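Right after this note come the structures.
Look for subunit A in each of the two complexes below; its partner is subunit B in the first and subunit C in the second.
Moving on, here comes the complex of A and B:
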C-alpha cells in the first residue's frame, strides 16, 4: 500500500484564483464603483493564501482544497450578483468553515483511540437533534431550525460529521448494536422534524457505510427493501411527500402555485442554454430560493449547461479523490471516515441537482459548499476536514515508510 | 481491509456514474424541451424580451408567410379571412386566448433569446434592431383552408364544430390541423365569440371524446396479438347481446349481421362481435392493448401539447368491458391521438412523434434548428399491423362502412366511428373517420371528428366525405405535402 499519488502543485488554486479575479473584476467594471473591486482582489488572495498557509500546519490534499475553494467561490460569486450582503455573510461562513475543517482534521489526527469519543459525540449529536423537535421553528414545512439568541442554525447539518465519525468508529470495531441504535434514533428524530430530505440522506449514508464495512449484501438488500417500504409508507402518510411527487411528475399543471419553484428552475436552466446568458445577466431573482436549494439553476442560467456539467464533474472529482484517500488509509476506521464524508457531500449534491433538473423529486437539501447558509457551510467543511485528517495521517505514514526504507539501505 | 478498499472503489464509481447520468439527463432534457420550458408563460425573461426584439416570421412548409411583424411592430397574418381562421388554432390569436400555439410554444425561438455571434455581427452591419428567428412549420396552410372548407360543404347541421388532423405517418410531420368553430383573429368581436361554441378551444389537441368504432382497431389488435380464438372462428351475430340485466349491446339500427369472421365484423363495424371479444379478452388484456396504443400515457411532445387519452384502469364491470370493445364506456381520446394511432398502424406498428416545427433560421439565414423524425413507440407487431391494414382496406374499398372516403387512384384505408357522450346532461353524438393512404410516395393519415351529428347519421357519412375531400386535395397537389 505504498502507492505514491501525485500531489498537485499550487497551479490549480492559481487557476481557481484567476477565475474569480476575472469574474469579480468583470462585475466591478460593470458596476464601476471602487468598493465593488474589493472582492475581486480579496477572494483570490484568500484562496491563494489558504492553499499556501494551510498545508504548512500539517499535510493536506491540495486538490481537494482547490476543488472546494472553486465551489465556495462560485457560491459567493452567484450570491454577490443578487445580494452583496449575502455574499459577505457567505465569505464569513467560509472563514468559519476553514477553521472548522482544521479543527475536525486535527481531531482525527489526535484521536486514534476513538471508542470513548464516539460515544460522547453520539450522545451530543442526539441531544442536538432533539432540540428542534422541542424548541424548533418551522421553515418550508420542516421543523429543523433552532434559534439561540441571534444565532439560528440547523442541528441536522452539524450532526452529519458526527454520524460519519460514530458509524465509522463502531463499524470498524464491528459493534453493530450502537450503530443500529444511533442510526435509528437519528432517523426517528429527523422524521419528527419532518426533514425528510435529510432523513433520506442520513439513511443512504448510514446504509452504505454499513455495507462498506461489512460487505454483507443481505444487509444492503434488507436496508434497501426497508427504505423502499418506508418511502411507500411516507408517500401514503405525508401529504407533502405526495405533493412533491405530483410536482415532480407534472410541475406545469399548477405552475403558479405548487409547481412554481420547479417550473422557474427549469425555465431558468432552459434560458441559459449551453453557454449561459452571461455573468450578472438573466433573471436569477425570478427563481425562488435561488440562494440555497436552487442555486444550481442560477449557476446554469448565467454560465450555461456546459459549465453546469463542469460543476458536476468537480463533485465527481471530489468523490474520486476522497475515495483514493480512503483507499490509502492504513486503518479500516480511517477508510470508512473518509469515504463516509465523501458520500455525504456527493449524495447531497446529487439529490439537489437531480431535483432541480427534474430527474428525481425535490428533497430540499442544500448544494454542499455552494448554497447560502452558515450551518450547511460549516458542516460541509467539517466533513472535508475528516477527509483531510485521514489524508494527513496517510501522508505521514508514507513519509515514515520512506524514512525506514532509507535507513534500511 | 482489502475488501473494504474494493468496496470503497465500487461505491465511488457508482456515485460518479450517477453524476454522469445526471449530466446526460440534463443535456437530453434541455435539448428536447428547453425551448418549450423557456417559452412557458411563467417566464419573466420573455416579457422583458418582447419589448425590445422584433418577433420572427412564421412560414408554412411551402414558404408561404403566415405571420410577420411589420415596420410598425404590428403582427400581420395571411390576407384572406378564411385562411386566417383556419390557421388560428395553430398560430394563436392576438389576445393569446388559445393555449399552446406556435406563437406561445415557440416564443423562445421567435424572440431569439439566445442570438449567436454571427447574428450580432449581422445586426451591426445592417444596423437593424434585434430580430427573432424565423420558424418554418410542417403545415401546408392551403390544406388547412381546404379542410375547413370541406367541413362547411358537408356538414349541414348548424354547429359546424369538429376537428381534422392530417399527418405524414412515416415522419410525424403534421400537414394540417384545424379546429371548428374557428374565428378570424383580425375580426374578433364579443358577439361572434359569444355566439360560437368554445372557439378558443383547440379540439384537435384538447378534445377528449369517446372514439366509438374507430377503437375496434385496438380490440382487433388485442385479438390478433394475443392469439385470441375469435380471430379465426366464425361468430354468429343476432343483432344484440345481453351482457347483464340492465345492459344489452345493440348494433346500429338493430341489424343482425348473421355469421361473420373478424374481417366481416370489422368492415361492417359489428358492435356485438367486438363486445363479446372484449369480454373474452378480459379487462387486463384490453387495458394492455390500449396502453400499447398510447392510452393512459403522459404525452410529452416537443412542439405540441396533447390531452392524455384514457382507458379504464383495473377490473371493469362486464357492461363497461363489453362497451369498451367498440370504443364506448369511459374511453376518451383526442383527434390527434387517433391520427397517431392510425399512422402507427399504417407505419407497420411504429408511432412517430408528431411535429409542427420544420426548421428555425436566424434573421441572417443561419440554421438554428432543423427538423428530425423520431419514433415514439411501437404499438403492435408488424405482422399484426399488416393484418389491421387489410381490415381497414376492406372497410373502405371492400364495400364496408367507410366506402364514402374512397378516392380513385389513391389506396385509402380507414375506419368509421360513431360515439356518444353526455355534455352537461345533454347527449352529444360524434362522427369519426380515421384513415390513411397506403401508397408509399404519399404516406398521409387523416383523422376527422364531427361533433353534434344528428341522430341517424354516422361517421361513415359526413366525416368520411370530409376525409375524401382532404385526400382529393392531397392527390391533386402531391408536391405540396411531400
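Moving on, here comes the complex of A and C:
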C-alpha cells in the first residue's frame, strides 16, 4: 500500500489510541496511583505501534486492524473498570491473538489451494470437539470446557476457523459429501456438549456458506426448514431451551431467578441512557457475567446508547469490509473463506447483542474481540487473519493485473 | 498521580461522557469515509484495468443466434460455463447445460476444464467427461474448446504462462516470449494444425501483437473432420467486436 493511502488509516488508529488514552487516563485519576497510569500510555502505544509496524511486516488491511483494535481496546477498558487483573489477561490474549492472526493469514497465503489441508484440519477439529464430550468440564449448563493442567480452553472456539476453512475448501471443489459429514458431526458433538448457542452459530454459518457456494435458494430454504424443525423439536424436548424462550418472552415473570440475567442487563442499559452513567461510575458488576456474555450491557451502561450504536456500526463496517474482500477474491475458495469468517464474526455479534437487548432468545456466546476469554479472542483473531490473508492475495492479484496490463500496452 | 476527590471525579466523568460519545461517532464516521474512499479508489483502478481478474477471452467461432460469432467472452481465473446468465461464462447454445463445466486457471499450465456429471466437452479434439483428469488436457493459448454446439477459441492475455498441450510440467520461461514452434497449438490433425500467431517481445524488433488483437485466419480454424468438433463453420465476419462494444452487448446484465 502506498504511503499516501496508508496515512488516513493511521489517522484512524491515532483517533482510536487517543480515545483509549482519555479512557484509561480518566480511570487513572479515579485510582490515583502511578501504576494505574501505565495502561493509559501502554495501550495507545501498542495500538499505534501495531498499526504502524504490523502492515510493514505483513500486507495487512489497516482499516480492519484499526476497527478491531477499537473493539479489543474497548473490552480491555470495560474489564479494567471492574477487575484490572482480568484486563491484563485480556491484553495478553490480544497479543496471542495478533500472533494467531499473522499465522492464519500466512497459512491462507501459503496453503490456499490444498484441499489435503482441509482433511487434516477437519480431522483435528473433530478430535478437538470430541474431547469435551469425554473429559470436559461443565460451565453454565454446557460441557464445553477442557482443562489441561493450568490451561483451560473451549475447543468449540478453536474449531470455528477450521470449520470455515474446511467448508470453503470442499465447497469450492464441489465436494458435497465431506462437507455434509463434517458439518453434521460438528453439530452432533456440539449438541452432545449442550452448547446450543455455538451449535446454532455453526449451523447458520455452514448453511450460508453452502448457499453462497451453490447459489441455490432451495438449499437455503431446505436448511432453514430443517433448522426450524430442529428448533421446534428442541423446544419440546429440552427443558433449558423452553426456559430460554420463556425468559425471552417475559423476563420479568421470574426476575429473581431465571430472568435475573436479562433483567439486570436491561436495567443497566436503561440506566446508561443516551450518554452513559460516566466511565468508572455506575455498577457494571451488578450485571451477571458482565465480563463475557453481557459485556455489551456494561458498555451501554458506561458509555450510553449512542456509543452502543457506534459499537454496532463498527461491527457492521467490519462485516462490510470483509464482504468487499470476499467479493474481490479471484478464487471461489478465497471468497468463501473471507465471507465465512465475516459471517462467523457478524452472526456471533448479532446473536449475543440481540440476546442482551431481548430481540432474540439469549444464547451463551461471546462478543467477538470484546468479551473476556482467551480462546474466544484467539479464535476471533484467527478468523480475522483468514480475511487478512485473502485481502493480501487480492491486492497482489490486482497489482499483477496492473503489471500485465502494462505489458499488454 | 494527582489525587482527585470522588465528587470531582464524578463531575469530570459526567463531562467526559459527551467526549466519549463524540469519539465513538467520529471513529465510525472516519472509518466509513475511509471505506468509501477505498471503494472509489478501487473502482477507478478497476476502470483503468478492465481486464482485471481475467486471464484471457474465449472467442466464439461458432455460436448461436444468442451468441454471435466473434463475440469474446472474458475468462476469469475460476468459474462455471453454462447456458444461464448467472454463469461466469454464458454460452447459450444447444447442447450446453445450465451448469455445464467448471473451469480453473492454473499458472504455467492453462485453463483446466472439469465437465459436470453427464456433460462433455472437447479440448482440441480430445473428449473430456466428468471422470477425465483435467490436468491432462489443459486449454492453452489458441486452443479450441467445443461444448455443445458452440466452438470457442481461447486467447490468453500477454504475460500469463501456459503449458504446451499434453505435457504435465509447467512451461519454461521461453513461453513468455516464445520461439517459433514453442507456442501451444491447437491439437487438430495435421491439416488444421497451423501455428498460432506468435506474441513477440518489442525488444525482438518486429511489431508486437497482443493476443487480444490477433487475427484469426480462416485456414487456422479446425477442419470439419476433426474429432469431437461438430460440423464445419465459418466466421460471419473477419473483424473483431470492439472491446467497449463487447462489454455493452454481452455483459450489460
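Everything that follows uses one rule, which is that the second predicted complex is superposed on the first by the 397 of 409 C-alpha atoms of A that agree within 3 Å, B and C clash if a C-alpha of one lies under 4 Å from a C-alpha of the other, contacts with A are read in each partner's own complex, and residues count from 1 in each chain.
Throughout what follows, a contact is a pair of C-beta atoms (placed from the backbone, for glycine too) under 8 Å apart; a residue touches a chain by one contact, two chains touch by 3 or more.
Owing to the predicted nature of the structure, the values given are computational and were not obtained by experimental measurement.
**Student:** Should subunit B and subunit C be called a clash or a fit once both complexes are overlaid on subunit A?
**Tutor:** Here the two partners, once superposed via subunit A, fit next to each other without clashing.
**Student:** With the two complexes superposed on chain A, say which partner A:320 touches: subunit B (first), subunit C (second), both, or neither.
**Tutor:** Both partners, subunit B and subunit C.
**Student:** Could you look at A:67 and tell me whether it touches subunit B, subunit C, both or neither (first, second, both, neither)?
**Tutor:** second
**Student:** Roughly how many degrees, to the nearest 10, is the angle at subunit A when you join its Cα centre to the Cα centres of subunit B and subunit C?
**Tutor:** Approximately 120 degrees at the subunit A centre.
**Student:** State whether A:215 touches subunit B only (first), subunit C only (second), both chains, or neither.
**Tutor:** Both partners, subunit B and subunit C.
**Student:** Regarding the shared-chain residue A:358, is it in contact with subunit B (first), subunit C (second), both, or neither?
**Tutor:** first
**Student:** Give one of first, second, both or neither to describe whether A:332 is in contact with subunit B, with subunit C, with both, or with none.
**Tutor:** So A:332 meets both subunit B and subunit C here.
**Student:** Quick check on the superposed pair: does A:30 touch subunit B, subunit C, both, or neither? Answer first, second, both or neither.
**Tutor:** In the superposition, A:30 touches subunit C alone.
**Student:** Answer with first, second, both or neither: which of subunit B and subunit C does A:260 touch in the superposed model?
**Tutor:** After superposing on A, A:260 lies in contact with subunit B but is clear of subunit C.
**Student:** With both complexes overlaid on chain A, does A:89 touch subunit B (first), subunit C (second), both or neither?
**Tutor:** Once the two structures are laid over each other on A, A:89 reaches no partner at all.
**Student:** Output check: A:111 vs subunit B and subunit C. Expected answer is one of first, second, both, neither. What do you get?
**Tutor:** neither
**Student:** Which value, in Å, gives the least CA distance between subunit B and subunit C in the superposed three-chain arrangement?
**Tutor:** Checking C-alpha atoms only, subunit B sits 5 Å from subunit C at its nearest point.
**Student:** Quick check on my understanding: which residues of subunit A belong to both its subunit B contact set and its subunit C contact set?
**Tutor:** On subunit A, the overlap between the subunit B and subunit C contacts is residues 215, 275, 313, 320, 332.
**Student:** Report the residues of subunit C in contact with subunit A in the complex, numbered from low to high.
**Tutor:** Going by the criterion above, the answer is residues 1-4, 9-10, 12-14, 16-21, 23-28, 30-32, 34-35, 37-39, 41-42, 45, 48-49, 51-53, 76-79, 86, 102, 104, 157-160, 210, 212.
**Student:** Where on subunit A is subunit B touching in the complex?
**Tutor:** Spelled out, the residues of subunit A in touch with subunit B are 208, 211-213, 215, 249-250, 252, 255-256, 260, 263-264, 266-267, 269-271, 273, 275, 277, 282-283, 286, 305, 308-309, 312-313, 315-316, 319-320, 322-323, 326-327, 332, 335-336, 339, 342-343, 346-347, 350, 353-354, 357-359.
**Student:** For the complex, give me every residue of subunit B touching subunit A.
**Tutor:** Interface residues on the subunit B side: 1, 3-5, 7-9, 11-12, 15-16, 18-23, 25-27, 29-30, 33-38, 40-45, 48, 108, 113-114, 298.
**Student:** Please give the residue numbers of subunit A that touch subunit C in the complex, ascending.
**Tutor:** Interface residues on subunit A, with respect to subunit C: 5, 8-9, 11-12, 15-16, 18-19, 22-23, 26, 28-34, 36-37, 63, 66-67, 70, 174, 215, 274-276, 278-281, 303-304, 306-307, 310-311, 313-314, 317, 320-321, 324, 328, 330-332, 397-398, 401-405, 407-408.
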